[in-house]
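Just below is one structure, and these are the notes that go with it.
Each chain carries a letter (A, B, C, D and E) given by its place in the written order, and its residues are counted from 1.
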Amino acid sequence: MNLKKKPGLDLSGSFISLLWRWRGSLYKLCYKELICFLVPFGIVSVIYRQALNSEQKSLFEQVVRYCDRYLNMIPLSFILGFYVTIIATRWWQQCMALPWPDRLMLTIAMYIPGCDKESKLLRKTLMQNCNLMAVLVFRSISESVRTRLKSLEDVVNAGFMTYAEMETFKAVEADVNLYWLPGLWFSHRLREAQARGRIIDSYGAQLIMKELLEFRSKCGILWSYDWVSIPLVYTQVVTLSTYSFVIACIFGRQYTDNGSTDISIDVYFPLWTVLQILFYMGLLKVAEHMINPYGEDDEDFDLSYLLNRHSEVINLGTNILTSDRCPPMEDENL
Amino acid sequence: MNLKKKPGLDLSGSFISLLWRWRGSLYKLCYKELICFLVPFGIVSVIYRQALNSEQKSLFEQVVRYCDRYLNMIPLSFILGFYVTIIATRWWQQCMALPWPDRLMLTIAMYIPGCDKESKLLRKTLMQNCNLMAVLVFRSISESVRTRLKSLEDVVNAGFMTYAEMETFKAVEADVNLYWLPGLWFSHRLREAQARGRIIDSYGAQLIMKELLEFRSKCGILWSYDWVSIPLVYTQVVTLSTYSFVIACIFGRQYTDNGSTDISIDVYFPLWTVLQILFYMGLLKVAEHMINPYGEDDEDFDLSYLLNRHSEVINLGTNILTSDRCPPMEDENL
Amino acid sequence: MNLKKKPGLDLSGSFISLLWRWRGSLYKLCYKELICFLVPFGIVSVIYRQALNSEQKSLFEQVVRYCDRYLNMIPLSFILGFYVTIIATRWWQQCMALPWPDRLMLTIAMYIPGCDKESKLLRKTLMQNCNLMAVLVFRSISESVRTRLKSLEDVVNAGFMTYAEMETFKAVEADVNLYWLPGLWFSHRLREAQARGRIIDSYGAQLIMKELLEFRSKCGILWSYDWVSIPLVYTQVVTLSTYSFVIACIFGRQYTDNGSTDISIDVYFPLWTVLQILFYMGLLKVAEHMINPYGEDDEDFDLSYLLNRHSEVINLGTNILTSDRCPPMEDENL
Amino acid sequence: MNLKKKPGLDLSGSFISLLWRWRGSLYKLCYKELICFLVPFGIVSVIYRQALNSEQKSLFEQVVRYCDRYLNMIPLSFILGFYVTIIATRWWQQCMALPWPDRLMLTIAMYIPGCDKESKLLRKTLMQNCNLMAVLVFRSISESVRTRLKSLEDVVNAGFMTYAEMETFKAVEADVNLYWLPGLWFSHRLREAQARGRIIDSYGAQLIMKELLEFRSKCGILWSYDWVSIPLVYTQVVTLSTYSFVIACIFGRQYTDNGSTDISIDVYFPLWTVLQILFYMGLLKVAEHMINPYGEDDEDFDLSYLLNRHSEVINLGTNILTSDRCPPMEDENL
Amino acid sequence: MNLKKKPGLDLSGSFISLLWRWRGSLYKLCYKELICFLVPFGIVSVIYRQALNSEQKSLFEQVVRYCDRYLNMIPLSFILGFYVTIIATRWWQQCMALPWPDRLMLTIAMYIPGCDKESKLLRKTLMQNCNLMAVLVFRSISESVRTRLKSLEDVVNAGFMTYAEMETFKAVEADVNLYWLPGLWFSHRLREAQARGRIIDSYGAQLIMKELLEFRSKCGILWSYDWVSIPLVYTQVVTLSTYSFVIACIFGRQYTDNGSTDISIDVYFPLWTVLQILFYMGLLKVAEHMINPYGEDDEDFDLSYLLNRHSEVINLGTNILTSDRCPPMEDENL
């Protein structure tokens, strides 16, 4: 039994110990940008010290002051703070909208009895129809699932769909995304099962239907999050602010002989500036990853894992752990 | 099968690559305002350098300082930050309130059986009544849908309504918005269908009714968002702040011979000021577009697409993909 | 058919065009406060320039500096930003809690059939009992509704209540707000109707009851918002901050001969200060109007309109548009 | 009929008029702290002016500058802004979680008919069991209710519980809070009532049960809010910040002969500082009162009033206003 | 009867009195960090005063200015403010998602009658299956529960599971977390109980099933919060900011002979700096504890207490307080 088989990042431990992590870390995400800052910074610094004559130096110092002033003009921390808060809210709502078949599985286990082959087949087919909706939605919204399941044949091979279902699916001529089609099959099959008396009562059929609708709604919400994204302008404003800040830093944070009057030590490595860039760039990278949470980055929701998990749970719940494998009712204390 | 036929803007890719987009971009939205800033800025600059004598120049420099001081007095980033957050929340809630007929369609597919013509007609009529409510609400709140469907005749021609329904609709004398009327027809028809035994049990009728009420609620929420908008004062405060900032920039950011003591390079193009204006104006434009999300801008919800999609899904789900086109139940692994 | 008969303010159009509106505008709300600032400002200015000798002038300039320093000490934009956000959230939740009888009307139309007089009376009475709860709650919370419906007799005359109901209502001796009483009548009448077989099945009665409870809950939420308001202290802090800012401006923003060293032009009209006061005062006025959204201001929820609308919808849905006025079911495309 | 018998504070009227209120006001809450600031401030001021020689004065002026610098170092407005927002959200969620028996009462009125004594007793007992849960939870979380109802005997005397119930309650040996026990009695009694045919159908019993569960959930939420409070550290950070600000003000805002160069008037009463302290202290007091909303302060939820109101409503709804006091159904317009 | 047996921290009393608490306090959480700041600060201070010659002192003063400037560059209060708000929201949502078996227990008490041994066993087994899900989820997410219940044998010994159940549980070969398995047993046993006529009607079975699904959903939400945590980058940004602030303080807040011109008193203990570090470090510690709320810190949710409470409540509600211990129905006032 795997207690903590979780694909996400582990945040236990004190915050100070988290600083040394590499996977999904600030350093891993931002080291490229840091290099892109440090190399030009060094080149400009060398040119100033070696190549310029005193008149050019004086002009250069003007440029430094001009850029430095800009760094105070732009309220980066607010813009990033509000933006990251909006993105983080959205990201978590998407996580909460991921569909889980467990409620439906329990309902079906309660209302569709039987350990015979036909009952197992009925339960499993219903659950797989439901799960197939999730598979198809995930294919629509996630690059990584689309890579794994390129064609419907791959979906069939991965066991999410039968061959006959694929045939039927492909035969539909439609202009719209058909991810809801397995839900329609589910409805037809559920009605048929009820008509054949395989559901113990009408309350059960109603409850199963309600759970299917909930599952369907969650798929629809995921699709809506993919359909309507945060306005591009907002993202561009934030990105442009951050990168223009970094570029202004290349000049504005240079040490100059006649710089600010109170500090006259020549610092070769711009330590504080690097830290500041790390913070702002780190927040921007957080947003960049949370806006598309279905990829293959360290922090992304692992949809492939989820689909495999759902498949196994469905198989266990409908096919293997039937009521004859239920432990006897006893109370050792009575 | 169209995997990613989405009308919204695609935000995949790193943020840096998003900077080069044009459609729905910061540049597209703000270039007019930028020109309106740059042209006066240039004219003022030329007048100062060419036309003024030294006394006038001295007076002008006072004006520059006076305006420059104002630029620090007004906390634009906060006002915009709070305002955009409120607008963005509202915008997303409107998106989540868009009614989708899919849940109702699945419920009807489950509870109203039959592949004969009459059953198909019953299912389709119920679904179209429901969808018609959405059409009528969209006509009330969206300029672009109103343009497409000018009169009720257009609605009939687009296939959202039958001619008889239009006649009945027009015959009602009322002083209120009647978008809920098709819901009333739905109720009457559902009761009649239940009386004629076309619904397999009373649970089904109840569940169908519940789903209709949910659909109706969402239409009502959309209408409420249209009825009560963010107070005009708030929008005016934000707009006035931003535009007064831009106007103050035309003077306050001018280069003067005796300007701030530490920067003496004459910069012809106000690069940082342009970036700053882009940020603030960009945020304002984000808000301007999110406050009326039903238009025809690049970022708006595409209601026309949605209506067409709903029509096709309804036709598929009630008329074409009936239970006789459901794939057989089989388990290739068993 | 009235497509856009909405009493609220229209926010369509670009933000720049919204600046010229008068109704519900910043200018309309703040012009009195502006005059209260400008007149003393002018008087003080005239006294300084005309009446004071040089020693008094010097003292006055100290006062100006003393007040000016205060203007930077008080972080008005944050306090207002957080306050307005909390108020705006509350205001919108109240709008979403306004009860609408439409869901109940559709349910009753589905489950209580019949075009005869008795059925119509039953349906209408039930709906009017429900609506009466809203009327009584609105009377409790809204000054403007209370003005329109001063006594219960006015309620009867306006058609929201029958005379017999008023008699019964008045006969109850109680110490508590009785707005829920019509809900009790509704319960009794619904049970009686079910006993007499006028509801097609028990599912219907249950669903009608559920919808009534939802309606009742919304009335209760409105009442709670009226009962518990934002703590007075918070409002006082914000108001005192803003007004002390304005008063400090009267002195602190005066032009003095020996004022700040870098600006020496004598500005008669304090343009930027006026703009700044407009922004802060505008935000305060937004909050002032959103905290009591049931009045008769331009931005308030129009409860009278809502009550009239509900009455008409109820009459149409239960009395006039009965099932015999439902258009025939046909599909022109089949 | 009491239209506006509300125990909460009335916020109607313009904000400016709210400034003169005393009950629950900024002044009432903060005058003690203000005195604690003004008295030491005066003493320090007198000592500086009268007792110190010029060398000591010079040292004192250093202290003044040292403290004054701190006042700018600490971003009190943000810390308070975020804190108050979190507390206010929590406070309102607690208000929304207050349990109201009205929904249950309406459901029982619908489904348990009869004007005889036994029916009345059944209805009343069920409702009182439900209300008793609220009483017991309120005793657990509210100091003021605990004061009013010290022992279970007081609860019996107040009419919330019968003597027999108290006996049974006391007889239970348990280590946990038993406020849910009346809910268990409710369940048993409801089942018994259904078995004896006193509920008109099973749908009714189910709906009554659902409403009870909602009531129980709300009691549980209240208990959870009491169980898990905002982390103490957060509160300490905010309190310590505010009080250290006030203490630093005692020194840092003193007038000194050689103080800041541009202001040389000797101000005896620190007007602006007093206002600033009022704002920050006021926000802290808002939070202090909202974190424990069940006390006896002016702004607290009046739980005693609520319990009395519930008792009276329950008595009216189950015992007095039975169906024989329901007005006849008539339509004066028909 | 224990009125206020609550394991959480008590926040009653005025804020000023909360400052002297030690348990869960700012001082307890931050004293180590304070020592880590004060010791190096003292050492650096001593070296400067004793060991350096005047040239080195001059260089050192440059370092002090360099670090001091950084302290103003980094907007720590915003970054922390936004971060803590996000973490606090998440923390509270986790608290609200803790599953409570009380609703299910009441439903079972209503619908599964009988005071005989078999009825008691059925009720208790169902409830314990439900509770076992919570136990298994808590073991997955909480270090402290995992310590208490190391193996499944410990779970059996603690009485949460029977031996036979453990055998069955262990016999399942699966690659996924099986915490939902007891829910499956619940479904099978509920169906069997319904088949044997032990549930009074089908409505009851449906309601019991619905409550189980709610319980299951809450377990799933807890698991999701554990699976997907706040992006590591965000936490690293905040941590790095705070610690780099503290390190910069060690140098930047040193007293120097030629420091800022207006303050020349030599302060040995950096009082204000210590306060400032306490505030920022305190906020960081708040976040650190709220991000992992299932540990054994003073502020953590006490899951062990919760499990014991649930066990006792289940035993009382299903086994001991059966309907024969329900007090008689009487109304002393009638």
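The working rule: contacts are C-beta pairs under 8 Å (C-beta built on N, C-alpha and C of every residue); 3 or more make two chains touch, one makes a residue touch a chain.
Bear in mind the structure is a predicted one, so any value in this text is a computation, not a measurement.
Based on which chains touch which, give the shortest step count from chain C to chain E.
The fewest touching-chain steps linking chain C to chain E number 2.
Taking the mean of the CA coordinates per chain, how far is chain B from chain C in Å?
24
Hey, how far is the Cα centre of chain B from the one of chain D, in Å?
39
Please list all residues of chain D that touch 2 or more other chains.
78, 81, 85, 203, 206
Make each chain a node and each touching pair an edge, then name the shape: line, ring, star, complete, other.
Topology of touching chains reads as a ring, each chain with two neighbours.
Which positions of chain D touch chain E when the two form their complex?
Listed in rising order, the residues are 59, 62-63, 65-66, 69-70, 73-75, 78-79, 81-82, 85-86, 90, 117, 120-122, 124-125, 139-140, 143, 146, 152, 159, 162-165, 167-170, 172, 174-178, 180-181, 183-192, 194-195, 202-203, 205-206, 209-210, 212-213, 216-217, 220-221, 224, 226-241, 243-244, 248, 284, 287-288, 291-292.
Would you pull the chain B residues touching chain A in the complex into a rising list?
Residue list for chain B touching chain A: 1-12, 14-16, 18-19, 21, 23-26, 29, 77-78, 81, 84-85, 88, 92, 95-96, 98, 100, 102-103, 105-107, 109-111, 113, 200-201, 203-204, 206-207, 211, 262-265, 267, 272, 275-276, 278-279, 282-283, 285-286, 289-290, 298-299, 301, 309, 312-313, 316-317, 320-321, 323, 325-334.
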